[in-house]
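Questions regarding the structure given below will be posed in turn.
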């Protein structure tokens, strides 16, 4: 533990003085306003202990990190029949690409590209009102983190909606292929709100703990997903969690992880730890620049890579 | 050990009676002649012990499994400067796709698609005669497996050459972009011969042991690659080792692995085992059908998945 | 004239007994209801005379044929600055493809694929209410055909709107790239209504006469477009008027033409005639099967091909 | 005639003083050596008269203009069965693109992209030796131009061969799909030699005269191709003759035409004239910059556009 805390402190110290921090996402105005100087990291251990460094308690927009939680939620509702609607292969393309979707007749490659996450949102909706589905997602994440203070940032949600043409295009495209059942504006309502959930590194690390602990949340003792499913979600995170930078993340960090354009990353060291890291500046493929570097150092120094100590 | 041997025996028994064995590769005549009834598996442990079941001593054409060894060899020669010539992202496309190569100006996505492996062959050649480069590759694999009986199947090599238009197309395409330095027929000479190397499951499992043992070959005590590099090769195997079926393999098996159209797969459980499996029938994306099923069972029963026990 | 009437009568007679009539468009329910037995043809000559055969007075949904008229209208408003917003190359892709649009950053290849026509609708809107823009388009077509009875089929317009996800996807996609200025639902409102305009072969042939007569409408004596522009619109019709069947149409018919999925085609023999033909059954790329065959015969027998008598 | 000569003289005068002449092709060294200051134009009329201006007697490398002649030759041998091997749609892609070829299983879109012309060369070969096929092509072109002095520039042919990786890639790719029957080096031998044929504008205009004269060569009185076929070749020239600049050429010039990267263009005004023009500088899609501008002026002033006087 002492070593881990030392490593985290050193990582945070280094991050504080980093000059090349990447560029804050500018595709929606609310995200563009975030101060790039932030850096936080939190490591939750299977015994419930959480170690942190930096701005680990500051909430940020989790954006696509939410896709891990909605996938878990939807798998709980539909089981493996979910895979008829969305694949589980890396896309080899940017996060919002529509090209592949045309070639593959509206079935998204995996649940972590935008198109796939929109299908998952459609499945969670399944005839309910958007408000109900959004409520269910928030409750599920609060339950995972064992923290009822987690909220949606409504300004971010509105900003997403106002600048959501690319996602609207994906959703209409899939609906034309019959891949979406609910009205597009309902589905996007859910999707934009899940992306606008705000969490701190501390909360994120706790919320992901079930994936590091055979599907069981040690904070509550609840089996969130069966052990087999936890393994599989980790597999999809490793393969697809960083868009067309997934190979690079596996190469450098060596852990299942899911990034968001808000600069957050959730990474899982199976059996060992759940890690939340945040730094708003992004690299060229849209993943947190300092967040990735921090995880690379952490896994190297703690020998946590799944690819060999 | 007793449990592992029991699991292997049950897997081999089940494979013997499987009715849906996939289709033997037909793209070159020599491979099409192989009897689909074969099934073998071998597990090499870091202490040097090897457990086997089925036809584990029968040599087969390793085909693309050779790409793991040539990548290791080329990294040894060039170090990380190799990555200027080939990427390390999943391609999201079939193994011999040329589309992506056009979009990316002749730089292959990763060293395990055909285009990438041809670049690696070009790097190993680097001004030498094809015969010398082929000799070096065979010697390297013999050294890895600690077995001097490993040979090239010349009939397979000739068959590859006679039916090599698709690979010739890739090589000329890359040469047009300046991605290949040596004459195309030299490069393909090396590439076709490395694919025609014949090994048994037993030999394959031993040859891969360095990747399960922090880069060190426990059979010889030699450090084949630095520990960091072993980890990274494992990462690339997991991300890219099964073409556009890599996500499926990670999802089901949960280990770094590399398949060949001869029906062989090398899989690595870091710190635990190196596994060679062979069954000639392939699934629709070109990976061994029973081989994958065997690995899925093995990792589930032994709890070897890198994504959590 | 006698010969032309004879040729038209023979064509209509042959069409009446044709057994392989293609398949009526089914992408919107209203079009799927149309009786495939219909066939009509009308030829308008520069002197104002119109010769017809078959159901030449029955109105049908002109669909994409409307794109010729909206292009003419928008060029009148914007002049050649319009070409900054849309290209004039054949797309080599189906009419509703989105792939090319991604590669080309939201700028459509030409004004006759759906994406291009949606941009033209956006240009015609330019800040007005959809109702006003729709009114302007209808008035322009009435003026071209010198016929105030031309109407929008409101059931078709509603059906388009209810099944418009593919076009909504294209529009949102372009808006994400800044290629569309007005709200997507306004732009699509205009686009769906222009497609729902109903005209007979007789009306269509008259409306197109300006393109056969150096830009001047001989029915009214009005110069609709400058002579240079008439030529250019004809060029775009030849190159792009039949989607990925444009080459086939040029090869077989040899005239500039624009087809719609309602089964109508407007073809122009420059200096000689404007032809409206209609048969609801479509070939595999979405162009009227008997309509194309009729035009092929007409140009062969009358020696009207632009590629040599 | 006087007016035509005047127009040609003015065009040549203007071309002589043009400052932005485009860039000479650099993909093979021999072409890169050509002086960009050259400009020539020749117009052959159905009565056999030829009017010229500028360097109309200087031979240049006709490159892809040869594809018009090999298509005519191959159609004479195979008739319409040729179309089973190659399509006749615009490609919407650059001249040497391989992407579309993968999507369409090795069948080229049209005979004027490189892949299509290589298939045509394969058909002309049909079991003969390359030398014989090359001889047949040269004899055919001499017969068309009624000029036995036309030769292959052997330095260009060698330069093509030495830098032919992109075309070799296309040829091997198609052979992998079974679209090419003969050995790739034989087929490319023919193809590279046909591209290396040297002709002057004067010779080119005469050679193309059959396409302006209902398939009949007025110089010799021979029917080169049936009238229907002449029309169809013109149609393909218009649709596909300038790669992904075909739409632009139709829009600006309004004539069937075929360009080569040597800076030559053959354009046909059906029933009126065959035009050869040459200026080595190319625009961004690889078509002669001043050549296109010259044709644009010529057709505007002579009112030769097929799209209306």
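Just so it is clear, A, B, C and D label the chains in written order, and each chain counts residues from 1 on its own.
Basically, a contact is a pair of C-beta atoms (placed from the backbone, for glycine too) under 8 Å apart; a residue touches a chain by one contact, two chains touch by 3 or more.
Just so you know, these numbers come straight off a predicted model, no measurement behind them.
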Task: Intersection of contact partners for chain A and chain B - done: none
- [ ] Please state whether the interface between chain C and chain D is built from the same residues or different ones, using more than half shared residue numbers as the mark of same.
- [x] same
TODO: Report back the single chain whose CA centre is most distant from the CA centre of chain C.
DONE: B
Task: Geometric centre distance via CA averages, chain D-chain B, whole Å - done: 47
TODO: Report, in whole Å, the distance between the mean C-alpha point of chain C and the mean C-alpha point of chain D.
DONE: 32
Open item on the list: Based only on mean CA positions, could you tell me how far chain A sits from chain D in angstrom?
Closed with: 55
Task: Of all residues in chain B, the ones touching two or more other chains - done: none
Open item on the list: Per the touch rule above, enumerate the chain pairs that touch, sorted by label.
Closed with: A-B, A-C, B-D, C-D
Task: chain D residues within the chain B interface of the complex - done: 97-99, 102-103, 165-166, 168-173, 175-176, 184
TODO: Write out the stretch or stretches of chain A touching chain B in their complex.
DONE: 87-93, 100, 109-110, 211-212, 214, 227-228, 230-232, 234-236, 238-240, 244-248, 250-251, 254, 256, 270-271, 300, 305-309
